[in-house]
Each structure stands twice: as C-alpha cells, then as structure tokens.
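One structure, pasted below without further comment.
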Amino acid sequence: MSNASISPHARSGSLYWAIQAKRNIGVRGLFVVVLAFMVAYGFLFHGLFTGSGFAKFTQSWFPLALVAMAQAILMLTGGISLAIGALVSLGAVLAATTMTGPLGVAGGTALVCLVGLGIGAATGVIVVRLRLPAIVVTLAGSFIIAGAALLVLPRPGGAMPPWLSDLLAGNTPAAFGVLVVVVLLWKLYLATPLGLSLYAAGENPVGAYRSGVPVDAARIAAYAISGLLCTGAGLFVAAQTGSGDPIIGNSFTLNSIAAAVLGGIGFLGGQGTMRGALAGSLLLSLMISVMFFLGFTPVAQYVAQGLIIIGAVAIPQFRMRAR
Amino acid sequence: MASSVPILAARGVSKAFFGNPVLRSVSISLEPGRIHALLGENGAGKSTLINLLSGALRPDSGTIEIDGKAVSRHSPPEARRAGIAVVQQELSLTNSLSIAENIGLGAYPRRFGLVDYPALAAGAKAACDLVGLNEPLATPVGELSLGRRQMVEIAKALYRKPRVLILDEPTSSLSATETRILTTLLEKLRSEGIAILYISHRLDEVMQLCQHVTVLKDGTCTADRPLEGVNAAGLVRLMVGRDPGDLFPRWDSMRTERVAVSVNRFAAGLMRDVDLEVRAGEVVGIGGLVGQGQEDLLLGLYGAIPAKAASAVINDASGLPANVPQANTRGLAYVPADRKREGLHLIHPIVTNLMLPAFARMPALKLRSRARERETAMGLALQFAIKGDLGRAAQALSGGNQQKVALAKWMPLDPAVLLLNDPTRGVDVETKREIYAMLRAFAAAGKAVVLLSSDTPELVHLCDRVAVVREGRVVTLLERGELSEEAIVAAAMGAEPERAAA
Amino acid sequence: MSIRDAGFLSRSRILAVVTSRPFLTFAIVALVWIVASFVSRGFGAYGHLRYLVELAAVIGIVAAGQTFVVIAGGIDLSVAAIVTVAAVGLPLFAIDADPTGLTPILAVLAMTTAIGLVNGLGVALLRVHPMIMTLAMATFLQGLLIIIAGGSAVTAANPLVSWVGNARPLGIPAGILVWVVISVVVLVVMHATPFGARLFAMGAGPLAAKLSGVPIASTTMAVYGISGFMSGLAGIIVLGMNGQGYVGIGDPYLLASIAAVVLGGTSILGGLGTYAGSIPGAILLVTITALITVVNASPGWRSILFGTLILALLLLSGREAARR
Amino acid sequence: AANCIKGDRKAPYTLGWANIYSVPTWMKQTQGTIEAEVEQLKKEGLVDKLVVTDAQGDSNVQIQQIQSMIDANVDAIILIAGSSTAPARVLADACAKGIAIINFDSLVDTNDVTAKVNTDSHQWGEQATKFMIDALGGKGKIIILNGPAGVSVSDDRRAGGNDLLKANPGIQILAETNTAYNVAPAQEAVTSLLFANPEIDGILSFGGALSAGAVLALDKQGREQVPITGENARQFLELWKEKGLKSWATMQPNWLGAFAAYTAVQALEGKDVPAFVKVPLPIIDNSNIDEYLARAKDFPADGYIYSPYDRELFAKLLAQK
C-alpha cells in the first residue's frame, strides 16, 4: 500500500516492475514444479551442466517454447490455432528447400518469416473481420497449410547449410540465446500500446473498443506474430534436423495448447502470462527427459505424463482454495 | 439558456436496433462549465445516446457536432482526440491489467513507440488522487471490488484531461463516501469549464449537482431545461409522465418471533466472528463501505463459498447449506449485484433466464412445457413490469429491466429468505419504488429479507435493523429507531464508539 | 415470444426455422449433393448417399457427446481415444455365456461412460481445464491401449456388433437407425428437459448458473459421461463396420466431431447451439471427404482443396454471434 | 569393425530401443520379438538391459529421446524412425560416440549408422505392381491405394511401381488415394471410388490394412472382388481365404526387431556387419496362404502373421553379401 503514496516521480520507474512482480503470482506454483523437475533432471543427468549438455537440452525445448508462445498470444486475444503444427512443417520445408539454393540463408530466412507473417495475418483477418470461430478456421487452415507443405516437399528431403545447423543446433547454447532474444522482443512488444492492448482486446473487447483501443488491429497483429513464431520454429527444426519433412510439425498443435494451458493461459482471452506458457512448455519438455532417466516403460510414460499434466494444473488450484 | 457554444451536441439523432427505434430525433447540447443531467427510466435510451455522443455507435440519422461543427465519421479514438471522455455504465476495464494500465488504455503515453511507464504512472497517479484511489497502481483491477473499479473507470476518464466528461450512472456502485468525493470533484471540474453530462437514477444527487436537465422517455426528448425551479417530484413527472408517489413505502414492523436465520461465530471469505439473527417478517440491512466483506456474508450463508459457523440454524434446520442447491432447498434465494456476470445469462432469452432456478430444481429429465414456462414468465413480467419481448436475449434489456429479471426469477421458488446484494443498483426511480414495495411486502408475508445495499437511504427507510460491516466484522447493529444516514456512515467509518452487537 | 404469435405454424415461426443455422447447414448439404451428382456420376446414387450418411452416423454420434460438452462450456479431446478403446477393448469383454453379444457391448458402454465420468470429475472437482483434463485422459488411454491392444489373440465375433455395422433392416443401415434414435433422444434431452436447460446456462455463464442453483459438479460429470457413452457407442459401430478394431481407429473422430459441432452453428464458447446443427454438420464433413477422394489430384492439392471447402462452408454457416 | 563401432564397449550391453510409437499392434508385436531376443541375449550374458522409449509419433520427441540415450551412454540404439531425415544429425552424434545404431522398418537417409536392416520398399512396390499387371493380362482399370502422404515408406513403395506402370500403358489408373495404413479410411475411400468408377478391374494396394478395407468396401457394395495386392495383416489374409480372392501379399516381418537387436550385439562384439542388410520379401500367394492361416490364432486379431524366424536365419542374413 505504502509505495502507492510516494510521489509519482520517485516511484515511476518502478511501476513497470511492480506490475511484472504482480504477474508472477499466478504462475508461482508452476515455477516451483518446473524447478523441481529441473533439479531432478540435473540430478539424474550430470552432463546437463556442461555446455553441450545444456545446449542439447535447450535445443529440444526451443521449438516447443516458440509454439507455446505462438499459441499463448492467440489465446490471450481469445483466439486459438489448430494450424500451429502445419505452419511449423511449412516453415521447415521452406527453409530446407531454399537455404542451400539461390536464395541463400538470408533470402530463405526472409521467405520463411514473410510466409509466417502473411499466413498468420490472413488467418487473423478471416477470424476477426469475418467473425468466424478461430478453432475451425484454423482447422481448415491446417489442411491448406499442410497441403502447401506437401507441394513444397512431397517427401522428407531438402537440406540446410551445415554451418547453420551447427550454429543453431550444435554444441553451443545458441538456441537458448535466441530464445532469450525472442522473449525480450516479446516483452518489448508487450510494452507497446498495441501489444499491451492484447489483454484488453482479449478480455473485454467492447470496453477496449470504447476506450479507443484498435481491437481488430491488435488481434490481427497477434495472429501475424503467432504465424511468424511458428514458421520460425520450423526453420529451427529444419536446422536441428539438417533437412525438411513436410509432416514434422504435426504434434506441435496439441502440445502448444497443452503448454499454454499448463502455463495458466485461459481460453476466454486476457488471462495468463507468457512466462507461464514458457514454463508450461519447459515442463512438457523436461518431463520427457526425466522420465527417460527414471527408466519409465512406455505404459508408465503415458500414465505419468497424464498425471503430471493434471497435477500441475490441479495442485495450484487446491493450494489457492486451501488459502 | 446558457449562451456559450456547445462543445458537444447531438442534433436530431435517431437510432434503432433491429428495427426497434430506441432514440427518435433527440437533441442535446453540452456546454462548458455546466453539469447536464440526462434522466429517464430504464431503457429510455440514455446509454444509447451517450454511445452516439462518444462514437461507440453511429446514429441512423441526425448529426453529432463538436465545437459547432458536424463530424462525419465519429469513433471512440476520434472522440478522445476531441477531448470527450466517457465513464461507461458497463465497465470498460480489463481485469488482468493493472490500475495504471487500465487508466491509460487507448491513450497510452509513448516514448520511442513504447508505453512510457513513468509518464503513465505520473498521469495515473494524478487521476487516482483526484478520485481518492490509493491502491498501488500495479494492482490488477480484477482484485478490486466493484466500487473501486468504478473509481478506476472514473480516473480513466479524468486521465484523458477531457473537455467533455460523460458519466453513465457513475454512482450506482459507489459508497456514500466515494459518492461525496465524486460530487466534490465534479463541482471542481465544472468550475474549470468542463462540460459534464451526468446520468443517474438518484434524483437527490441530480438536484444537488446539476444545472440543466434533458429527460428522455421512450426514446424521445420530453424536457430540455434548466433545473432551476424543478423539484424531484417534477423530475419524476417528466420521466414517467404522471405524478410520483413516495419513493419509500410506509410500513410497520412485521417482525415475528420465528427465527429464519441465526448464525454464531460465522466466518466466510473476509467475514469473521459474525453473530447474526434474522427473524421472519423483517428486513435486515447490511451496510458499510463497499468491499468490507458484506458480499461474502451473503455468499457464505448461501453456500456459494466455503463458510463455517459455531452454530447455525436456517429455517428450522441446523447447519449451513453446503452448496447452492441445498440453500435453495432450504428456502434461500440470492440476487447478485453483478447482474451481467452473476445474475443473468445475457445471451439467453428472458424467459429462460426467468425459469432457470426452476430448471435447476426440477427433476433433470422431466419434460418441459413451453406453454407453462411462457405463462409463468408472462406472469412474472407482468408482476415486475418487465418491458420487452420475453423471447429475446436478456442483453437487449436495459439495465434496470435486467435487474428486475434477476429478482423475478426467484419468485416461482417462493423463498423464505431473500438475500439481496444491492438490488436497486442502476435501477430507475419507478422501478426502485416497485422493488421497495415488494421487499416490504415480502416481509409482511412472513419472509425474511437480508438487504445488502450501497444506497444508505434505502437502508434507513426499509430496514428493521441494519448491521454495519467494517473490515470483515459486524461492528454495529442499529435498530430501526436509531437508523439514520449519519449513524450508518459513522459506524461504517469507525467514527463512533462501537455499540454492543445484539 | 408474446402469446399472440405463438401459433405453431405462424409465418415468423417458419421464417425462424428457415433462417436457422441447422436448416442452413442442411440446405448446404443438399446443395453440395446436387452439384456433386452433376460433376461425378455415381456420387448421387442412392447407395452412395446412404453410405455417406452411414459414415456420418459415427461422426454424428461422437458429435452428440461433443455437442453436449461444448454447449455446457467445455470440450472433450478424449473422444478419439475412447472410440479406440471401445473398438479394441470390446473383444476383451467377450463372454461365452451370452450368445447375443449384448453383454460385452453393455460392459464397454459402461466402461466408456465411466471414463467420461472421470473426465467430468477432473473438470468439476479438480477444476482442471477441460482441454487439459481430456487431453490427459487421452494420454492415459494410450497407455491402456498398449496393454490391451494385440492382447486378444482371438476375437470372439460378436453378432450384435457386426449387425450394427453391417445389417440393413428395411434397407437402412443399422448404424443410421441407431443415429436416428440417438438424435431424437439427444434433441429431446437438450431442448425439452431441465437438464438440457442447465447445460445451456452453464455454458453461457457458469457463475450465474451456480448462483441460480444449477448443480454444477453433477451436471458436468453427466455431460462428460454422456460424451464417453457416445464415443463408446461410436466405437462399437466402427468396429462392426470394419470387422476389426485397431489402434488409431478413433483418430479421425476428434477433429471431425469438433468441426461438425461448429459447422452446425453451435458456439465453441458454449451456451448457444443445438445438436440439430451437428447432424448436418457431420454429413457435410463426410460429403467433403468423399468429394476429395474422387478428385484426381496430388495429396498436397487435395489437402488444400479440403481445407478451402471447409472454410467456404464455414463462411456460409459458422458465423459466431457477437457477445459481451 | 562395423560402422560407428570403436571396440571400447564391453558386454553385457545396454540396448536402447527408440520407437516412434509403441501403441499400434504392429509395433507391439515387433517389440515382442525384440524382448524375446533380448531375453535370449541376457541369458548369453551379452545384454544387461533394454531401454524402451516411445516418441508418441513425434519425430522431435524421438530426437530428444535419442539424445537422452546418448547422454545415458547406451551401447546400442535400435531405431524405427519417425522421419526419414530428421534424426540424421543426432544419429551422427551417437555414431561419433561409438554407439552401435541399427535402423529398421522406417529408415533414415544417413550413413552414420552401423547398419540398416530392412526389406526393400522399392522392390515391395515393384513386385506388387508386377503381380497386378500379370493378373490383369497387361490391360485393365485399376485404383491405387497408398499409405500416408509425406512419408518415405509410402512414397518408396509407390515409386517402385512407377516404371512398370509406365511400361504398360494398357493399365489405366482411374484414381489414387493416400490414407493412413488403416482399414477404416481405406474402406471409406474405396467405397467412394467404387461409386465414381463403375468398372474397376484391380486394386493395387501398398499396405495390408488398406487391402482389407478395400475388400470390405467391395463386399458391402455387392461388387465382385477383383485382383488385389496386400500384406500379411491377419484380417486381410482371412478375408482373402473367405472371399476366395485372387491375391498376392508380402510382408514387413515383425522379427526385424529381434534381428536388429541381434545385429546390434553382433556389431558390438566386433563382428563385421554390412551397412545394409537386405531382408528378402517373403511372398504369400494361394500356394502358401494356408500355412499362414494355420498359425493365425497365435497372432492378435488386428495384428500381422509373420513368418517364423530363428538365429540361423539371422546369421544367414548377416552373412549375405
């Protein structure tokens, strides 16, 4: 209470950080769970603390982190996408068919990014302007995009420049670095008026509109950014695997939803934080490695995975109610 | 008539929704340094008119003028640029954003394309200071009580340094103190030359504050004149078209010996150590500053949030209800304050809304009879004077009518105890009169009524006793003889030595 | 709805039906069928259309459960896994003493209903979001499948199951008959019982529903239980149609059931909609799939065509009403 | 020594099975043969542990799991890949660490493995196509059923038939579909194709369950059965017998799993293992179908009736040039 009454200038710099601190409250429980898994993993696999061990681990997390963000942005606006996986595939095949060709790495990257932005924006326009339910628009979109990926590369193939693969997915934690940059860019976006409007546009669109927020623009921009993150994840997957596969992204669709919801992102728009979504994706990724080192059989893996997902969502609920 | 050029005006605007005319050729001019009242019954078209003025809606015909010039494409950002700020009746806030971020929403200060948080903090702080909001600016709005949110909404309008300030029922969820702060503030703004449009169903406020009045009845303008020389009764006559009676019914206590609700050391949510007894035939008021835990008291009794009590008797059965269906079975009914989220299903037809408590209690797979439902609903609509096509979605009803639906839907259950959470918020004077009469009639019929209200006169004039709550405890229990606005406010603010609770 | 124009066949009533989403979706189905019959000989043959409806029956039955869940404000991502568990698990319940084959069917339906109830339990009591709860349930069921799949060295051929999958009493496939019965029951429960009204209320606003006395927990459980039951029934029918259950047999029904619900005009946000729309929605999906199969194009183009058609149909029937 | 083998690993070995998806019955049967083989190898003191992962159909997860196997320093990885390209880089890492890698069934386009043991998908398609052309006397209208699009195995089988189809213009392809290797979607697609094409003389199917779906479709529409190719799926073989089909089938033997485990240990033990061990495609036709069906009850109803195998067979396969 007290810091509110200090003179505005003395504490003006702290407003941003005070808000950030408030936002952590909702995800504290999840952070604890993730930390526990992290510790368990480090305990089971000491190599995690070597440069290359850490690098490999973050590489397997990286694409899931990006798609979790891609899904979370949409869910914050009250949308959702079932085309995440198809977009990852499209990004991967585009990268693997252009980067060793005349377009080169720069041209290929530009193409991948433009396609992601373009498809995302187009989806956004359809959902927002035509008032169609996002879930089915993106379901239909997923077939169209998957078809396009098959046209680009009918079967697995293509190639990535080896130096790029080694740079992004070699023995250095470059992927982690890129992730940090992506997160910073997101923070930056969220600090713009349009970015911050995401929450209002998602939670209370009528109120936001009446307050002068460009609601439609904010939502369409979210779709565009989401598309970019997906094809970007595709590019990374192509680098990580050294090639393109037109169906490589399939399972990212459901996983991105699981990660986002696990991270506390709500479906009604405006609820949750990106840090939560990232923690959710990290948990999903960690879970796979931890279960491996615990020697779980496939049956046990399925059961444990289900329990962990439910537990991570239910336990914080119970703790909240207990209070 | 004041001689200055109106800053904002509507000239002969009309608006219809799906072919239903809501406004017919209405004109209004807002002039600097004047507080202009806009009055009318629920559904008269007040909110619609301000939506036209603020660019949230476009008129079907007629023009909006700013500084004497007609604007062609009016929109909310356009209105903001012209210095028009609106305190919406429906809160335009985002729960997950902080107070400061809500205040600046749609008008953020920028630096290098980013939201300038230091500047936002300074601006928001200044606006908050004006309305007496002292919560940390980083607090998510979702954590605030409805009344505090309303203050944020007002601060949000002030933050924009408006030339025209439009307030749509700003006091409907404010406590007396908050209302007083607002009134002082508006006086000050007026003296600074701001044009103010003020909508309220509280006529005393209007009389005290405003200089000019426009009255809408069924979408047409029935009066546009200075307030001077009109009294409250006159205003009501203008709105309703006939002579008003007294707002509050005359009544004699019908309190019986039968205990309807009795709890000892009751605790729920913010509330602690409550000893309360409600007898059949009485109206017990719950007063206090908004957000002291009063709502938790009702919700706890109703089984909607976890509650404990050393001992509890409700309608002759002991123990607190464990959940809402149980509470209903034991004769409790609850009417929430937030009718949009808690009271009604806005996207559903009025008739379904009216029938829901019945549906909740009927055998799950019994066949419904549409004819009977319609009949019941028509009866309720008649009884509560609910205007509107019962087959249409409840969101098409004006706020006051929505409130009546939220109350009426419990009648088929014939509850023995009514728990009411601010039932007249945003309700027009005629409807209020009807609701008041109904409450006393309930009591007279041997039912018990618990009335939580932010409207102090209501507590004074309707209740057999009033429990005043502060910081989660019942601090005072005032008997009818001791009831006065001063007594309630004093107890609410802790200004008086506590009296022994009954 | 004032008493005056409550006349059963009043003009406004007819207008309301004709402009309703389910009717619109039916009209689209008819249109697609007519156009397709001109383009491809054989498409409009009675036998083919009958087959399409038979296939739609399976989607339609899964979508019946899905419609309940969606209207009540949830979503069931475990339907595919439940269909598979039913189809693969049925032989495990074979009981020699019962020559009719009814006992295993009842056992499977009881099992899938129980699975649904567990979903409901998680959603209502643990307050796990429906997507997460049912996704986790699907994961559990995968584990279960590893245990039960391929474990039945001998399939006891179940006469009732193959009847449901293959027989054509009165020239109408048994699966369609089951669907008709299900549809009638579902429509009545949804629109003519208090239970149905509670679902709509829960979907439109859970808090308001709770405060109005709707028993949230038991209703939620019932809804997911129904969905489990429907998926189980669908699993039995596909088992009959294919003569053999296998892992993955339910996979197509997850997205199909959701798409059928939304194409039929039910709001994915809950609280608004009707199974009357999901019925033509299911037929529409099967029809499009059949059309795509007959078109000669590369897999990529087919996929693009399929997506484009869904999108186009959505434009006609799937507008989401604005809500606040 | 064989590829990837450095000779510094000593028995008993830890084997890792990186499976792409362990739920389907074919996979379960395959795992059964691996477990049986591992039991045997344990008795011989050669193997100590079998670690099994299930990538749940996700190639990205499979890469992560292979990475974990490297981190845990298993001695050998046997692999059914989810993608023919994606695991290449992580396999290169594994190979560099001296881990024996035996890839079977779904192969990876890389040389950084110890050995690939598999039938030849291209040949699979070629032989099936040859049967169809012969059965129709070089003239007739056919439909073609392919496995899922974007997957190398289905693409390779289809490509195997290409040259022969070009060389025989009398064979007219009416329509072609791609579906998952499953009965239901195949039955659905074939039914639609039947209505669209009143005359169909043959069905060139590149997967066992696809063939079963096609037979059911013909049967349900009251259409005459036509020559059809297929695989050793139990349901298909039973339908074949029941309907008296004119048919031909081959198989992807489940014991490839056992063979891969065996081969891994051989390589670790310093034996020379060829980089590609071609497993011949067994042929099932009217002459030997009864032998297969006689053993049917030993196999799951939704499974595959594979040919018998033993160590002798494995040794012979490894010895071939």
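In order of appearance the chains are A, B, C and D, and numbering begins at 1 in each one.
Just so we're on the same page, a residue touches a chain if its C-beta (ideal position, glycine included) is under 8 Å from a C-beta of that chain, and two chains touch if they have at least 3 such contacts.
Keep in mind that what you see is a predicted model, and the values were worked out from it rather than measured.
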For chain A and chain D, chains touching each: C
Remotest chain, chain B as reference, centres from CA atoms: D
Chain B-chain C separation of Cα centroids, rounded to whole Å: 43
Approximate Å spacing (C-alpha centroids) for the pair chain C, chain D: 34
Rounded Å distance, chain A centre to chain B centre (Cα mean): 41
Euclidean distance of C-alpha centroids - chain A vs chain C, Å: 31
Per-residue overlap in chain B, given as positions that touch at least 2 other chains: 90
Numbers and ranges of chain A residues touching at least 2 other chains: 149-150, 154, 206, 298, 301-302
In chain C, residues with contacts to at least two other chains: 142, 146, 299-300, 302-303, 324
Inter-chain touch pairs (all): A-B, A-C, A-D, B-C, C-D
Contact footprint of chain B on chain A as seen in their complex: 1, 3-5, 8-9, 11-13, 15-16, 18-19, 21-22, 188, 191-193, 196-197, 199-200, 203-204, 206-214, 270-272
In the complex with chain C, residue positions of chain D that touch it: 22-25, 28-29, 56, 149-150, 175-178, 180, 182-185, 187-189, 191-198, 209, 212-213, 216, 220-221, 235, 297-303
Residues of chain A touching chain C in the complex: 82, 126, 130-133, 135-137, 139-151, 154, 206, 254, 257-258, 261-262, 266-267, 298-303, 305-307, 309-310, 313-314, 317-318
For the chain C and chain A complex, residues of the former touching the latter: 77, 122, 126-129, 131-133, 135-137, 139-140, 142-143, 146-147, 255, 258-259, 262-263, 267-268, 298-308, 310-311, 314-315, 318-320, 322, 324
Chain B to chain A touching residues, read off their complex: 54, 56, 76-77, 79-80, 86, 88, 90-98, 100-101, 105-108, 110, 113-115, 117-122, 125-126, 134-140, 156
